[in-house]
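The letters A, B, C and D name the chains in turn, as written, and every chain counts its residues from 1.
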Amino acid sequence: MTEFEPKIIAFVCNWCTYAGADLTGTSRIKYAQNVKIIRFPCTGRIDFMLLLKSFGEGADGIIVSGCHPNDCHYTSGNFHARRRWIMFRGLLDMLGIDVRRIQYSWVSAAEGSKWADIVNSTVNTIRELGPYTEYEKVAGYLEKEGKE
Amino acid sequence: MSKIGVFICHCGENISATVDVARVAEAAGQIDGVAFSTDYKYMCSDPGQTMIRQAIKEKGLTGVVVGSCSPRMHEPTFRKACQEAGLNPFMCEMANLREHCSWVHDKSEATTQKAIDLVRTLVEKVKLNKPLFSIKVPVTKTALVIGGGIAGIQASLDIASAGHQVILVEKDPSIGGHMSQLSETFPTLDCSQCILTPRMVEVAQHPNITLMTYAELEKLEGSIGNFKATIRKKAKSIDENLCTGCGTCITKCPTKKIPSEFNTGLGMRTAIYVPFPQAVPNKPVIDKANCSYYQKGKCKVCEKVCPTGAIRFDQEDELVELEVGAVVIATGFDIMQPSGFPEYGYGKYKDVITGLQFERLASASGPTLGEIRRPSDGKIPEKIVFVACAGSRDPAKGIPYCSKICCMYTAKHAMLYQHKVHGGKSYIFYMDIRAAGKNYEEFVRRAIVEDAVNYIRGRVSKIYEENGKLIVKGVDTLLSAKPVEIEADMVVLASAAVANPGAEELAQKMHVSYDSYNFFSEAHPKLKPVETNTAGIFLAGACQAPKDIPETVAQASGAASKVIILFSKDELSRDPLIAVVNRSPAPVFSTCVGCFMCTSACPYQAIGEELITNRQGKVIKKVAKVNPGLCQGCGTCVAFCRSKSIDIQGYSNEQMCAEVVALLNND
Amino acid sequence: MQTENYLIRKPSLEKLFSNLITGGKTVFAPKTKGNLALFDKVQAFGEITEDYIVTANSAKSVVFPRTEKLFSYHKSKEKTEISDAANSTFPDVVLWGTRPCDAAAFIPLTDTFNGDYKDIIFNNRRERVFLISFSCSRSDDYCFCTSVNSGPGNTSGSDVLLTKLSGGDYLAEVMTSKGQLLVSENSELFEAKPEEDKEKNLAVVATRFNQVEIQAKLQNLFENPVWDDKSRACLGCGSCAYVCPVCSCFDIQDEAHGNKGTRLRCWDSCGFGLFTLHTSGHNPRETQGARWRQRILHKFLYIPNKSKIAGCVGCGRCSRSCPADINILDTLTSL
Amino acid sequence: MNELIKKAAALLESDSVQVVIGYGKGTSNRTRAIFVTEAADCEKLIFDSRCVQNLAVYLTKLEIKKLGKPAIVAPIPVLRSILQLAVENQLTENDLVILGITPESELVDFDSFASIETFLSTHKIEIEEKYTKTIAKIKSIPVAERFAYWVKELEPCFKCYACRAACPLCYCTRCTVDDNQPQWISVASHPLGNLEWHIMRAMHLAGRCTDCEACYNACPMGIPIHLLTKSMLQDVADNFGSYGPSLDKQNTLSSFKPDDKESFIR
């Protein structure tokens, strides 16, 4: 039995967190391979449907990250995103979708080490939570061909 | 069927040291739709780029993925390379195998696997990329400058000297602004008028500058490159072409007791007037509110005495529409009237005045011809007290921010006083001395050391009159809280600099944002200090925040250079990574239902309305429409759109979904 | 074959049920959920409710699931592997507590899936379904089975029809060889047929219209204001079709995940605007009126023309579940 | 409701409207939406406690728009929907005549959307205690069981979209569930498809839902989907203060405050 390797997808904005993650690289700070980044222009662009899709496609965890409040390259994208996250998180919690599996963060272009920290701590959290079997069961329903 | 080329870079050893690049290239080759994949030591090098160009030509690639460093580093490089080979540059994507992979992981199977996943993800994205073409917006090379103070003057002259047309709009009868009211300027003590007036004349004479005084912005429509501005030219009641500015009307005008705005109420003016002798244009206007003809219906003295018959009582406001490509806001600031501070007795005691009033007293062209005399009895004050922060840094009764200029002008005032009134005694009550700036600290030192100005660190608690003296009660908190009492002849309040009364309304007219103090907001506090959120509208001077003259002039030139850059091309070409509202076949036309949540969410006012009409011209539907000139491509609207009717090119819904699916399905 | 009648005593009924469970059958029966009765999988006799006229959902999903996998694939650059759902094993299902109308519905439903193309998956499922129906002792304003050649004690479609007698015991009518097999396997539970008359234990359902006349009328009623009038309140949802035991329209959906994927057959409804929307943007049935007309014509003209029986069994589910209270009887009786 | 009938008849007679959207007798003891176009037919109009369907849904329906300018019988839930539709630019004041009905079943006129807002300010959305209790109870279940609970609750959903069709705020010409470029969520009614659909539906109503329960009343399988939107209403209230439609305020999700508070962003 090999150790569980969490699948974690990261939705980050181009101007702060993506650049921050670049800095993590240029400063050669090591972090776990489990997290893979998808680049967005702005957190305001990140559709909750994509987070939903990620779980449907088998993600064990999700990171959503962008510019700190007031630092948004587009001035208010992250403010809009924050409201959306507050509502989305509330709904997921009501539905029993484990909100600990989604890590939201503000990581600026200067916070290379913070990015590494976010990644590693998230990976650890998901390791502790284990694979998202409840959701996989729901998503893999057709494969397991349950009752009609 | 797409033919994607994948190019994996070793980046010397930066990537290949921890990632098995050969295997990444090999795995990429296995992906459906990948027609060619290879790895090379330096993809960004000339041979590397040649490799890409050749593959595009020979294999007829429809898309390219370069697995190398961060796209923030080399995306332009590789997109250019693709373009040279005849592939649309936006058909090229980069997988970040260095900053996001090789540099942050140790050499291992997992690291290579991650690299493969990243490449596959971008391959799936690029399959859905569409050729994009930069957006061309024609530019009207005329700038509108609002406000004729030093900021507006500087910006106008810079833009005009670069060979572009400028329309300078000033609400008062003359340009010059606050600077024209000042006596000397810190830290050099050279006369304000002497340095300003030549520039005012230059503006008046410049062939590229159209000056509109006594005029205000009524309406602003359109967007960057193509604004339509409506200007209200208030009736001056004179024919400017006939008027020679001889001034006879002014001397003969019977209504003489109107407090002069220019002299901050310390002097008087007539109903037909020019604000000050060096005014530009030097032609009078009739102040209808105070003219006995307009008020009582009789007088017309000016008309009788005018040698050229230039008086026009029937003249009305005129609305002119202008096509402009850019706008510079330079509407300046205002002085907070210290009447909100009864303890200072401003308004109650004639000899308690504001800093700006002191400027007039000290000015050679002022009501006292530069002699410091008390407004009450014209006596020369032997003791004078200056109160710094009379309103600034006072969240309770004034404004929380620092007005920035007061420390310096107060030091200057004290200095001027000492120079003009020998043996006079001057005191300055202050909180802190903020003298950051070239030669500023030295200037303050001079005031203290050479001119023996007494700085008292502490606040003034009360000012009251007692047998012809102003008793100033305060505390000296420098060493201990020691009460101080000074019998002064005159008190000068360094009242706070605040936004202009009309600022909020103006901002709304132009759709630019403003802060809680009604100062105009810059687009980015650090990186876009002269831009506003609305492309094509720029900021200069104290309308953005309190500033001294050098700062204002610098920002004005900054704004001007932004305008000049904008005007340097006939068309402005913008990144096509912007939002678009979909179109679908009739009878639907667009899946947009026109809820316009996107409009309210857009930080750039880039989303307007479009009416869809049938052949008979009947409106069938109202949908959202993105203005490509304004959209900055943040995509906030896209995430809002419930019906997914608005999408953003380059980060489209299909592309992002494809990335998610590809990233999470690695078999 | 000849119908055979037996008596099942109340206690034997429960025994019969447990025999089925222990015999490895998947049993679906009416269960109470809130103020609804729903066909659902049951394990224990106690879960079953008797207090229902008809269930809210129909029983058709055991042969025509709302989402049915047709095949799944896995493609690589070289080849694509396909696994056909027709080859998978299907469960032996007992439908317990179907009403005569439910049972009758299996006849037109089966016809639909056995036209020019014989649907393997459907037939596989159908063969493995055993219907133990209960005749109706109650009815409501929505019922009109008697107007479509069925009735509260109608036997067609059922393997066994049970009618509750005054004493609480049941008359068991066995119509099929499958039914006989059940009897022989549980012979101790089936006793000699009772004397009591079946009819007096049945609900009375008035005949509301003559199906043949309706069919005739509909021949030339295509252009008629009645369609718009009667469908004005229609919200365009699919509940009428989805609760209908006969409706069999479906839509093919592909669910792809990278190189893997599944092709699905999912229920669809003529009530949806999307149902007939062309890529061109043109929609031949642009209004709910046109969609409502299609629904009626399909059930009472097209299907009868083809296979002699109506595409409706008068269960009244569509009207009961309609959020806008559109009542199919209103339309049919006002033609 | 003689007043209502008189008023409606008058409106039709004067041709100030062409159709009156109201409630009439339905099957057995049910009531149903009726569309009266002749003054003479106005006595078919009824109003009582059984009239719960949210008629505002018809204001955006193509078939009803064809009938001409409507007058609509509008108890509180309908008024809320009308106001929200106005906020979302789906209605203008001269599009319709509103026959408002107070909780005391009295007829009330509205000459403007603003006047509706004023009226509603004294009839705020309040989530009944039985619901707040249920929601609290559900939220107290351990997360995995809570998930299982909802999967079970949503299981009967066969995607007839009655919830969507009955909701006055689901007026999109194309619902995202019907968009297959990309295929946002599974169209199939298997557990994932159902879960995704109901999450999407609720999210699209976040900060917009006026708590009329039309979705729940419409569901033929009696799934308690209204608990989702109700719990989100609570979230709006808890996080952003006021809720309910308002003309001058933006929709909750298309607006923001720089100092919005949250506890979960690192």
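The rule is simple: a residue touches a chain if its C-beta (ideal position, glycine included) is under 8 Å from a C-beta of that chain, and two chains touch if they have at least 3 such contacts.
What you are looking at is a predicted structure, and each value in this text was computed from that prediction instead of being measured.
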(message) Suppose chain centres are the mean of their C-alpha atoms. Which chain sits farthest from subunit D?
(response) B
(message) Centroid of subunit A to centroid of subunit D, CA atoms only: how many Å?
(response) 33
(request) List the centre-to-centre spacing of subunit A and subunit C in whole Å, with centres computed as mean CA coordinates. (result) 45
(message) Need the CA-centroid distance for the pair subunit B / subunit C, whole Å please.
(response) 70
(request) Would you please write down the residue numbers of subunit D that are in contact with two or more other chains? (result) 176, 183-184, 186, 190, 253-255
(request) Would you mind listing the residues of subunit B that make contact with two or more other chains? (result) 588, 601, 640, 653, 657, 661, 665
(request) Check each residue of subunit C and list the ones that touch at least two other chains. (result) 61, 66-67, 255-257, 264
(message) Can you tell me, using the touch rule above, whether these chains form a line, ring, star, complete graph or other shape?
(response) complete
(request) Provide the residue numbers of subunit C that touch subunit A in the complex, in ascending order. (result) 26, 41, 61-62, 65-69, 72, 88, 255, 257, 262, 264
(request) Could you please specify the touching residues of subunit A with respect to subunit D in the complex? (result) 48-49, 52-53, 56, 69-70, 76, 79-80, 82-99, 103-106, 118, 134-135, 138-139, 141-142
(message) Touching residues of subunit A toward subunit B in the complex: what are they?
(response) 5, 7, 9, 14, 18-19, 21-26, 28-31, 33, 36-42, 44-48, 50, 53-54, 57-59, 70, 73-77, 80-81, 84, 116
(message) Give the list of subunit A residues in touch with subunit C in this complex.
(response) 57, 142-143, 145, 147-148
(message) With touch defined as at the start, can you tell me which subunit D residues reach subunit C in the complex?
(response) 26-28, 30-35, 53, 57-58, 61-64, 156, 158-162, 164-166, 178, 183, 186-190, 193, 214, 217-218, 220-222
